[in-house]
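Okay, so subunit A shows up in both of these, paired with subunit B first and subunit C after.
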Partner chain A sequence: MPHADVVVIGAGLSGLVAAARLAETGATVTLVAKGHASTHWGAGGLDVAAPVGAGTPAEGVARLAAEDHPYSFLGPDVAPSVAWLLERLEASGLPYAGTLDTPIRRVPTAIGGTRRVAIVPAAQAAALRPWDRDELLVVAGPAGFKDFWPAAIADSLGRESVWQGADRPSHVTGVSVELAGIADRNNLNAMHLARRFDDPAQRADDIGRFAAAVRKAAGGRPGRVAVPAVFGLGEHAEAWEELRARLPLEPFEIPLVPPSIPGMRLWHVLRERIRAAGGRVQIGEAVHRIHVEGGRVIAVEMEAAARTHLIRTEALIMATGGLAGGGLVATGDGHIVEPLLNLHVDAPEHDAWLVADALDPSGHPIEAAGIATDAGLRPLAHDGRTVALANVLVAGALLAGQRSLRERCGDGIAVASGWRAANELATDAARTPIGREPLAVRTDQ
Partner chain B sequence: MTIADIVREAAEERPVSASSDECLKCNVCNTVCPVLRVTDLFAGPKYEGPQAQRYRMAGLQQIQGPDSVNPKSPDHSVDYCSGCGWCTTVCPAGVKIAEMNSQARGRLREGRRPKLRDWGLAQTDLVGTMGVLFSPFANFAFHNRVVRAAFELALGVHRKAPFPQFSKRTFQSTWKRRQARRPDGGTTKTRPGPDKAVVYFHGCSANYYEPHVAEAAIWVLKRNGFETIVPEQVCCGLPLISNGLYDDARERACKNGSVFAEYARAGYRIVGTSTSCTHTLKAEYEEMLDMRDADTTAVSHATWDICEFLLDLHEEGRLDTNFGRLDEDLPYHAPCQLRSHGIGLPALDLFALVPGLRAKDMDHDCCGIAGTYGMKKEKYPIAMKVGAPLFEKVKASGATVAACDSETCRWQIETATGVRTRHPIEILAEAYRAADKAGGGTAAD
Partner chain C sequence: MAVPHTVDVLVIGGGATGAGVLRDLARRGLKSVLVERSDFGTGTTGRYHGLLHSGGRYVGKDKLAARECIDENRVLRRIAPASIEDTGGYFVATPDDPDDYVEAFAENCGLSGVDFDEVRVADLLAREPALNPKIRRAFRTPDGSIEPWQLIESTLADAKRHGSTALTYHRVVGMELIGNRISEVTLRDERTGTVSRVWTRFVVSAAGAWAGQIAALANVAVEMTPGKGTMLIYNHRMTDAVINRCHRSSDGDIMVPVHTVAILGTTDIKVPDPDEYEITRAEVVRLVSEGAKMFPDLPRMRILRAYAGVRPLYQPPADAVPGVGNRSISRAHAILDHADQGVENFVSIVGGKLTTHRLMAEQTVDVVAAKMGVTTRCTTAEEMLPGQEAGHTYWLGHRLADHEEEGGGDAALLCECELVDRRMVDTYLDTHWPCSIDDVRRGTRVGMGPCQGAFCTFRVAGLVAERLDQHTAATGLPAPGAHVVDGHGPGTGALHAAIADRALTGFLRERFKGTRPIAEGRQLQELMMTNGIYVGVLGLDSMASAPAPAVDEESLHAAR
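== the complex of A and B ==
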């Protein structure tokens, strides 16, 4: 049967980072997933940590590390793992802006709100710079595109309350750009537009229309332009360069509802890196069963037509996601289970899952449900001390103790844990961990 | 019973149509649809599939009355689905989108006389039988520009659509003649056991157009210690399924089931060289045609794609790996149907055993042909656009031969690029012959 030194389950950011890092170290790695994941849904930036009150991601990490949180043991890996990832992305032609010490700032969203970010794709970077007093914001999007309404976005961003005290443009105006052959489309999504901008001839015409519309709206005033994040997928770098060169004001992309073009750019780069280093990425293959022998995973059995097939492995990285991603499942009778290995899930009792106010600023206890691990990311048994399976590591949203919606830490945990899991397994010795003692178990379990 | 079993059982109880309940409307399917990538005529898997499903349900319940709205179903465009299955592959929620669309097409055709063109393209065994019978005339007609233009006008089969040469003789008749020539006249009742023989499903392509593929398979199997049993068989039914002719497809499935199930129950493995036929035997009888009888299940479990089978032999240490050197670049296209098998890319694993052979995955979603889809007048331009990046890559490779597991893809690639495109089994046979030449070894026959 096929063999891989390491099998990674899950094609979200943590699984991709783990597989890319492992493939780089020379290990044979196979990533399997039942379908696409967070890359296709997310905004494409790296939310490392932005809990309320934190001025930079580094401050956020330090604050969360002091709590019962994955950063309490992943903290030291955040900076090197993020630096590693940003370096790889840049080398693959997808540069990012921002570091852990970049101030967290409010940037516009596609519904005219704001969100707090620090590390974003370069195409979103211009939104991070503080606004001068006299600066204009032109919101420009293709007419007839239902996922981005320039007039509505501009109207909302013109209100002081949306910026929650942050500096903001002095004036916001929306402009719809008529692109050739778009108006009569009744089914226009971000993918259609991204592919238009991948086509050099179409791109030249479309960008010309954007430039004319923005020039007219700006009327010579200083400022910036917000555009929907659709400027190219395969040829994003070229499309973005052309847009910057031809617009009278500096542009930035606003990520949209799924499908996320910035996230797909990230997916393509990481998949290509894994494959180029000899790794395999197999999407559409759901895990049927994981074979365990003597406290170790020995093989992963995949669903297939008519029969299952096995991949033998020395180690397994569980990057299957949390409740939203399907890595955890809430049963009808009030339990949270991990369906593949039946790992012990750290979760509150059923009646304590939620608090009364849906939008309670401190969140709901259920958000923190997940798998508790030792510092080496190995899952712990019910007692909170014993390692449940010697050669299984947990990464990403499946880790217990994160409240990523509130703390905006999901991407940072994904990158740091994927990177650490890969490093833990990078050597043959590490993949045969029989007899290893648990690493610094958290005492608060 | 593990928790995974419980989760799986719940999913199995849901028929294809009910899987639309799982749809999150995330649009991931729309990002991978090759048809949506190139045309507006298809609204995309999300709209045609889970989104349209509610209208179909409403239609089924016959909502009527003066004030009720009977929503117009979008089924007029579902026929533009090529059935490649990418949407189902990447769906993170497990929605059977491609299957849903195919069933919708089947329902549209229920009780209606099909277009003569669609009916004719789907009758691959009838066309094949007649074509072989009158092969000099048929080959002239199917490759004559004037006749093809007339075909296009009268029937709607595109004049440039790839069409292979009919063989002078069917593989079946060649095989029978050869058996009759054996000393025992092919009448012996003692056939080799299941560990010494496999049952061969040649399908229509090897029978009527490419008997050399069947011969290569039989030769390679023999070299690895397997006799071949070739029972009487009919078309697997896939062309009928993809043209919405479900009743005819069921009839073919029953015929094949009654013949092959006997072998399956005796422990024989059914091996096929057409990856779309083998996928039909494995999965589509049950999934698309709702057949769950004992014969269908037995055949499904016993069916193997030839490369899957050889790789399995290799993993058991039973494959003759004495391949000779083939010093060449070999662009390889993985057909959509192969991906639906969920078995990875076994041809590439086998090519890796051949010294000197530089096989390269072209990594393109779909060649466009999708069985009979790209042959139709109105769909030919779509098919060519879908496959265009693949054709460019194959041409740019500078190779003189390419490889692909599926016959219609081979014909499409060969017609579009001029690069001879062969079944992987032919490449492997050539590698064995190279070994014989180099080492003076004996050929299997």
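== the complex of A and C ==
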């Protein structure tokens, strides 16, 4: 039977960070997941903490740490874990801009709104710089692309209100760029475009057309260019460098609806780091049973391609996500359950799950549902004191007490908890080293 | 379109009944105008469960209603074939249905003229395997599903062809009486606030659940008993035929497949105000547990949304007991000639069903025509309506075939669920502009499929803005309709953006009203994911908290 020191369930940011960190420390780690997760439907940045009133992520963390919030015990790990991750992303050719002390700024979105960020991929970094009074913003996207409408975005960003009091460009204009061969595509999506920009010859032509259109729209005025986040997947660095070199104004990417290209870049880097350090990543395998013996998890059972796999393990990291990710499930009778281990879930009363307005700035109480843990991320039983299972740790959106939409803290919790979970177990693994035999499993995907 | 100065008849209410009345009047030579306070088909007509009645639901208790249904069912199949999917229907006897009702069903169908065949349960289960295997008997009837918006559009097109007009976003705010006759009706344009007056010889109120409010303007009392009916939209068609319980009509006993989804109906709860009601979780629980008697797996199937319509039930007020179910009140309609209350040229048509709207219109116009000395007979059952030439409703397969055939750069799929491509939306905008994004939804079904608009609403908003900007760029002028907000925004771009904003925030908020009572299981997951995308990635909250535009989303109707 295959064996791993640690099995991580879930391929979102917390699971990826936990597995990458563990693999670096020499533990044998296998990450299993039923599919892609938060990376593929987020914006690709690192939202650490931007509650209302916080000027920087560090301030946001401090503010949330004072509440009944995962940062109340994860707080000290935020800075080292984020630094660790940013260093590795940079080393892998996917640099990010911003730190925990970078001012939180409003950047444009793909429907012409704004959102508050501080740490973003380098390709989104130009949006973070304050706007000078005379600066123009050109919104440029491929004609016929249904997930990015330059005219609509420009119309909306031309309004003071969406900037919510922040500085903003003096003028916003939208241009549609006719790319060769797009006209006969009747279903063009972000992936198609990203692959086009991975092709050097195609990219040279496409970027030339972008440059011409932007030059015409800008008319020599100073400013910046917003483009959809589709500039390359495998060759993003090259595509981005080429775009920057040839455009008359500095560009930044705006993330789109899923699938998120910036998130996929992040996913690819982290997966490669896990693999390079000897870990395994198995996507498309839904865990359907976890074997527990004597208060400890001993094996994880997955179903894939109509047969089951069993991995024996010394420890388990539950990075299965919250309600959106499927790590928590509403049963239909007013209860929220954690379906794999039936861990005790802290959740508000049924009647209080959702407030009346979908867009209420305070968010919905149900967002805070999750698993309460001790400071070592071990899940607590119903009594709120006893550790439910000795060798299980909880990370990411499954943790109770976060309202990540309102607080914009989901990525920070994922990174800090994934990192801490890995550190806790790495210490254990170091005490009982286990041989690195190849596991009898297929490659992922 | 300008408000006419003088008309023969003013019709109030842009649902199916009002449209039918306008058409019938026009075909009898009475030049008329229809006024609707919102868009066409946004009241009860647009919030119903999609059923073309065979009459089978009424054979037990109201044979007249049943007979009217089957007669009109046949007429509508003839005059509006492109609005109808001939799904067929079954009345199934579950173990919970009383024997005496089941045994009398066939005879009652016979007495009401409703076509039926008893079918072998095994054959039915082979055809509809999601049904309860414990069903004891089953009767096939000619039920179907019907698309209300297309039907109204065709009906109004015929009325226009015969010289009449219809106005959206015009609310009746006053009626002038000279002696015992209404002489003049005051309208307010709901987008501009502009007030205008129409001289009219006669007034027909087809305001449905709102008929009491209209009648009050002429100092006439009409006691409506609005009955809220809540329905649940499922994310797939677990049945290809309409399924009814074979019992006396009650809650959660009918499933209607409509295009890509299926709709479970209904509850029936008296509400004091047809504009103010909410859907409770208790109703949802009741619908699902009753529906499970037909489809045992229903509690595990995914509900997309709950919504409610208000039935225009009419009954003299003495019989209405507050808080008690409404189902004993007749669905059959009544024509109220207000001459009895001292207004000679005013008639209200109340009650009824979408299936019988044409008959209701015919009978109403018979009354009106007699009073106005017009002897032309009704011809509305005879010819196919304009826009119905396809002869059958479309399926996704038809759309896919069109899409594949057309290809081309303008054919980007904007709505993957309902296969609405850019060409279809462009065509709709070309023929209906200026219009709202919500109108595009009703006109093309964009956003009505399983994702309920999550991935397509912003695309339609983007397309609309692109077209508006192109117009402005080409002409140097604001797009038609934009004049409505002159002085309210810094420029045309802001207006275009406000239209998109309203569509997006309105969409998310409206949808949430319908998903909140059903937020369980996968649908709660979907809700959290949608919120994550719209707030987390797209920053919709930054737009929602913007100051409300001085006009509402439908401002673009101004030039219509």
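Please note the rule applied: the second predicted complex is superposed on the first by the 421 of 445 C-alpha atoms of A that agree within 3 Å, B and C clash if a C-alpha of one lies under 4 Å from a C-alpha of the other, contacts with A are read in each partner's own complex, and residues count from 1 in each chain.
Heads up, the rule we're going with is that contacts are C-beta pairs under 8 Å (C-beta built on N, C-alpha and C of every residue); 3 or more make two chains touch, one makes a residue touch a chain.
Here the structure is a predicted model, which is why all the values come from computation and not from measurement.
Undergrad: With the two structures laid over each other on chain A, which partner does A:2 touch: subunit B (first), subunit C (second), both, or neither?
TA: A:2 sits against subunit B, while subunit C stays out of touch.
Undergrad: Should A:337 be classified as contacting the first partner (subunit B), the second (subunit C), both, or neither?
TA: First partner only, subunit B.
Undergrad: Looking at the overlay, what does A:292 touch: subunit B (first), subunit C (second), both, or neither?
TA: Touch partners of A:292: none, neither subunit B nor subunit C.
Undergrad: Taking the superposition as given, does A:191 touch the first partner, subunit B, the second, subunit C, both, or neither?
TA: In the superposition, A:191 touches subunit B alone.
Undergrad: One more residue to check, A:307. First (subunit B), second (subunit C), both or neither?
TA: Touch status of A:307: first partner only.
Undergrad: Looking at A:259, would you say it contacts subunit B, subunit C, both, or neither? Reply first, second, both or neither.
TA: first
Undergrad: Of the two partners subunit B and subunit C, which one touches more residues belonging to subunit A?
TA: C
Undergrad: Taking the superposition as given, does A:283 touch the first partner, subunit B, the second, subunit C, both, or neither?
TA: Only subunit B is touched by A:283; subunit C is not.
Undergrad: After the superposition on A, what does A:79 contact: first (subunit B), second (subunit C), both or neither?
TA: neither
Undergrad: After lining up the shared chain so the two structures overlap, which partner does A:42 touch, if you call subunit B first and subunit C second: first, second, both or neither?
TA: second
Undergrad: Under the contact definition given at the top, report the residues of subunit A touching subunit B in one complex and subunit C in the other.
TA: In subunit A, positions 41, 185, 187, 257-258, 326, 329 sit in both the subunit B and subunit C interfaces.
Undergrad: Hey, which residues of subunit C end up touching subunit A in the complex?
TA: It is residues 299, 403, 406-414, 421-422, 455, 458-459, 461-466, 468-470, 489-491, 493-494, 496-497, 500-501, 504-505, 508-509, 511-512, 516, 519-521, 524-525, 528-529, 531-533, 535-547 of subunit C that touch subunit A.
Undergrad: What residues on subunit A touch subunit C, complex-wise?
TA: Listed in rising order, the residues of subunit A that touch subunit C are 41-43, 47, 106, 109-115, 143-156, 158-159, 161-164, 172, 174, 176, 182-188, 255-258, 260, 322-324, 326, 329-332, 353-354, 356-359, 361, 364, 366-367, 404-405, 408, 410.
Undergrad: Any idea which subunit B residues touch subunit A in the complex?
TA: Result: residues 2-4, 7-8, 26-28, 30-32, 36-37, 40, 43-44, 47, 88-94, 279, 282-283, 300-301, 303, 315, 339-344, 349, 363 of subunit B touch subunit A.
Undergrad: Okay, in this complex, where on subunit A does subunit B touch?
TA: 1-2, 34-37, 40-41, 185, 187, 189, 191, 195, 257-259, 264, 275, 280, 282-286, 288-289, 302-307, 309, 325-326, 329, 337, 339-340, 342
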